[in-house]
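The following pair of complexes shares a single chain, subunit A, combined with subunit B in the former and subunit C in the latter.
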Partner chain A sequence: MDIATHVFSALYQFGDAFAFLVLSACGLAVIFGMMGVINLAHGEFIMCGAYVTAATVHAGLPLPLGILAGTLVSALVGVVVELAVIRHLYDRPLDTIVATWGLSLIATQGTLIMVGSTMAGVGTPFGSFQVGDYSYSIYRIVLFCAALGVLAGLYALFNWTRFGVLARATIQVPHMAAALGVDTRLIYSLTFACGAGLAGLAGGLYAPTMTLVPTMGATFIMEAFVTVVIGGADVFLGTAPAGGVLAVVKSVMTSWQGQLFGQIGLLVAVIIVVRVLPKGISGFVLRERT
Partner chain B sequence: MSKSVLRGLRAAALTGTLVLGSPLGSQLALAAENPIKLGVLEDQSGDFAAATIGKVHAIQLAADEINKAGGIMGRPLELVAYDTQSDNTRYQEFMRRVLQRDKVDVVFAGFSSASREAYRPIVDQFNGFAFYNNQYEGGVCDGHMIVTGAVPEQQFSTLIPYMMEKYGKNVYTLAADYNFGQISAEWVRKIVKENGGKMAGEEFIPLGVSQFSQSIQNIQKAKPDFVVTLLVGTAQASYYEQAASANVNLPMASSVNVGQGYEHKRFKPPSLKDMYVTTNYIEEIDSPKSKEFYAKFKAKFPSEPYVNQEAENSYLAVYLYKQMVERAKSTKREEIRKVIALGDVCMDAPEGKVCIDPKSQHMSHTIYLAKVGADHSISFPKTWEDIKPYWLGEAGCDLTKKDPMAQYTPSNPPPKP
Partner chain C sequence: MTGLLAMFRRLEGPQTVGRGPAFWGLFAVVLAVALAYPLFSDGYTVGNTVYFFVWVFIALSLCLIWGYGGSLSFGQTAFFGIAGYGYGILTINFGSAYGFTLIALVAAVAIAALFAVLLGYFMFFGRIAGVFLGIVTLAVTLMLERFMAQTAGPEWHIGVARLNGFNGMSAMPPLTIPWPGEPIVLFADVGLYYLVLGLLVFVYLALRILMNSSFGNVIVAIRENPERAEMLGYDVRKYQLITFVIGAVLAGLSGVLYTVWGQYITPSSMGMTAAALPLIWVAVGGRSDLTSTVVGTLVVLAAFQALTIYGSQYALVFMGVLLVLTVLIAPNGLVLGVMNWLGRLATRFTQRAG
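So, the complex of A and B:
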């Protein structure tokens, strides 16, 4: 086996871990990293996206449209949740933990009761390709590209659009933004919906590769939180480098010693980063810049 | 007539007449006050729910049938069911509750081996009586337990030699990282070695892991002839889809898939192509007994997604319990164990004839080799009848003489006397 095969396989594994970390974290980066809402129901938004995607694909829609439907439905659910619950808790961050935890229990159990214990999968599209001795799934490359696309989209959204500026202003100094005529309640709602929609997108993208069960959100939540915690408050400058660092640690440890050590490595890396950079990677980058 | 006599007559009218007037009524009234209580601790939510909700339904089905036919010795069977949420601490909590507060006569409990080992010391401590109706890694030698599920000498010593003969002698094991996966992998290692094969590799996956790209690559690197998948829980089941999309294309052998988690129904074909499973029951088994059981099950629970082996184990366990109580004329564990010691507690289950082995209190089974085709249809290339759970007895566990209340493995056998 030559060097190129090894290099490609290492890159593929890195890309795979990166995509999983970034896609599971990006919605949370908006809701928790930026808005400060500790959203323990993040996994259930992901599950919602996955279920809607699978249901629409079973109903005959092509997969990309199914993923879009999953994203939009999750965003809508996000609006409802924001209006009904989160809106009243912005100045009580600890209470959001309890509220969103309750929501996640209701969502998991509600899905179990209404949809049943499992849902039929939709099958992974695109097939596989061969490099050296190994064969790889093409869809995994699609996931990696999707992760890059989402990061680029988030950067553009929060830096180049009017909505992005208003959202950042509203979350930084809500009273000043309101005094300048910004409808802060609307901005909060839209930002939360954006985060929920991104979670739904992650669910939709991973739906073809995973078991669809009411508890599937739980498999994303650890990765999502550690990525956001070490990323810090900035959605792009936090999530992208955090995803990169953790993906290197995880893929190297996993290929060296297996899945268990991959997880241990991930958590040790988080402890070290949080100890050295208390404001996360984006806090460190932004401080250097100013 | 004096007042006291009148009062006495009235009391007699209220209590006694029923007894004199209708003996059947009194029996029912008595029975209603004195049901046989059966505790049911199974995961009705959480990561294992897909495989275990059917167990609860099977117990309900059997209890309904028994109650309709007059109960056990005229006493109705009352179920006391709790949802253990795929959580080991819930098992401990509810096991204490059913034994201490609800005072049940017998408990049917547990899916994962971790949960069984969590509650087993509590059953021993409160001198309870429990059925574990699940296939597992074997080795529990405990007089307080009856195991109706299949064990490695039934599932692996049939499956692994068949696979090695058919596909080759290089074996890779991918197993869940807890007591079930670790001990089952030890069995696979032992049987592969005994048959002149070699382990190409082994990896243990923590429960709840759902991403397998690296594991898939490790398998391709090791170039095995087939992969033994001992993955547990719905998160880990994502492996098949991901391996298929990466075109791993290796035959798979398992003691847990299909028979528990009906992955062939949940995933899109052909992700489970060439999966071989040894199981003592699945709904596709084509025998009159099996068809009858399946029809009864579907009539009561029309939306049940699949009738798996653990559902059948749970169903037959209720009938075995009925038989043992009736023969012992008591629900006391020691009386029931005297019946087991006779060595002829058998029944015609949906899978075929099963018997309880007095030494280990495990079950003999008919083992079906199920093969998943490219379109996810099931065929049965081979059947082994009346495979006994011999290992514990041969290794030195004899519950008719001594109750060590312990779990043994091939590398940690019972101490020689």
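So, the complex of A and C:
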């Protein structure tokens, strides 16, 4: 019995870390993997999703609809950002980082001015359950399922839909796709919107679990970047396994030495993995396969 | 003697804008004005100018790594913070007698350099390049900020120096030069002004010489085309690591001088916003030239401070807009663009006269 509760506790910690890593990294991984663009304003898209979710829930909508609204608004903002800024910088990857960082500054400070230093949160739904001596939040289990759902949904989107096929064609050989009549600019816009929407979804899902402040994006961004760097360019062969590996590192280090050491563990892991596998896990897997 | 002369000849060259009597005449005028400036001003304004100068070093470090070397590092504020904390810990523990503050300055910068060697080894010898370099350095910086921010408890101390978590360290002694009779204490006014100005001129000229030497040419060659530089027989990794460490030394110097200036250092000096600001100065100034970086940094800092006085919250939004617009409209930097335009104007003028 005692061992079983320990095992459950470890699994719960792992699932929690896995959901956080995958959900916060997905949007970033889609944008980076498909477009080669590093979006430093990723955290601010997450913040946007969380704020919209909280605002709509305060307005009386049920939480799932609020999360949906957060996702859609973030995706819309993503389209605007792509049209106004990102579109002009595809051939200058380093400048994209700098420009999105500027956007992140504007968004953080702009939110601070318009909404104030904090926003009333949303209560965590579902309550908790008891295993052994410890009580666990049911919502964390929901988050874990959501992470799996997002991965499955992305797989379906990029493999089974027309948009997915066109997007992958555009990524592989842009000129060829354009010559065959694909509107590559539209595909890039939609892909960016998809990434931004995923960030908004992460924000909406985590809105009930954390305090809403304009700088909340920063809590996600390091984990997101670490997962994407370790995972490499492919969402399924990279982000998902990277999320798994890092979740083990993080949950073990956290339960051993506390939250901060969980994060230090992530950082050490990333430096070592990058030294050994420069193209990330997906680069390694793809090289083995070919 | 000829070696020294050859070195001074490197003050002008292909990697730096500005040459000939006109440029150096202007340089001498600016230097003379800078030297005479405290005579016409009050202590507070001079202290404020020192604050501006302090930031120029970190801007130059970013100019070196990003503008000349082509690797975008977000980690400069990490070295800034490490050196700043290093100075605080050393001087609070050992005091300021016998000129120890100067030793602490050098030691703190050396600690930052050592950290850069370690981090740089993993990055450059792991052949991390491009956007990944930016991400790893950013992750390290944010990590350090979080680490320092949670050191609030009394158990976090080194010697008698408490780290104080989010509030940061304060009350470290200012730089003190041992002098027969009475040691000279450099508070944040005229004394510190001349020291920092001297350091600034020295670093600026030294970097000009370095960038126009063969080392600088190799660095620029690596930025333009790493594979070709490697084929020509240069060990790209070694050159990148050395540039990174020099950059860390400059950023560390900035950190120590900042700590000395205000006698405090906080974790937020390594945070996202703090890391973004040098990037803005360098990008707006013109990252690929030392002079435009210095001018751009001073101009943007002065503008930022003026904005902070009149509309404190909007200053950061304005900085963000400035950065995005610079990247979109003038990727090479505004100051550099103006300088090149002036240069063309000057040549046309002299040609017409002659």
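Keep this in mind: the second predicted complex is superposed on the first by the 289 of 290 C-alpha atoms of A that agree within 3 Å, B and C clash if a C-alpha of one lies under 4 Å from a C-alpha of the other, contacts with A are read in each partner's own complex, and residues count from 1 in each chain.
Criterion: contacts are C-beta pairs under 8 Å (C-beta built on N, C-alpha and C of every residue); 3 or more make two chains touch, one makes a residue touch a chain.
Everything numeric in this text was worked out from a predicted model, so none of it was measured.
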Superposition on subunit A - do subunit B and subunit C clash or fit: clash
Larger contact residue set on subunit A - subunit B or subunit C: B
First (subunit B), second (subunit C), both or neither touched by A:Ala218: both
Which superposed partner A:Gln13 touches (first subunit B, second subunit C, both, neither): first
First, second, both or neither for A:Leu112, with subunit B first and subunit C second: both
Partner chain(s) touched by A:Leu260 [first = subunit B, second = subunit C, both, neither]: both
Partner chain(s) touched by A:Ile38 [first = subunit B, second = subunit C, both, neither]: second
Subunit B versus subunit C as contact partner of A:Arg140, first or second or both or neither: first
Which of subunit B and subunit C A:Leu103 touches, first, second, both or neither: second
Which of subunit B and subunit C A:Ile271 touches, first, second, both or neither: second
Which of subunit B and subunit C A:Asp95 touches, first, second, both or neither: second
Location of subunit C clashes with subunit B - one stretch out of 1-9, 127-135 or 163-171: 163-171
Shared subunit A contacts, counted only where both subunit B and subunit C touch the same residue: 108-109, 112, 215, 218, 260, 263
Residues on subunit C engaged by subunit A in the complex (per definition of touch): 72, 122-123, 125-128, 130-132, 134-136, 138-140, 142-143, 146-147, 150, 271-273, 276, 279-280, 283, 313-314, 316-317, 319-324, 327-328, 331
Complex contacts: residues of subunit A adjacent to subunit C: 38, 85, 88-89, 92-95, 97-99, 101-106, 108-110, 112-113, 215, 218, 221-222, 225-226, 228-229, 260, 263-264, 267, 270-271, 274-275, 278
Touching residues on subunit A, where the partner in the complex is subunit B: 9, 12-13, 16-17, 20, 108-109, 112, 116-124, 126-128, 130, 133-140, 208-216, 218-219, 251, 254-255, 258-260, 262-263
Residues of subunit B that touch subunit A when the two form their complex: 45-47, 49-50, 53, 177, 203-206, 208-211, 213-215, 217-218, 220-221, 223, 234-235, 237-238, 241-242, 244-249, 265-268, 271, 303, 305
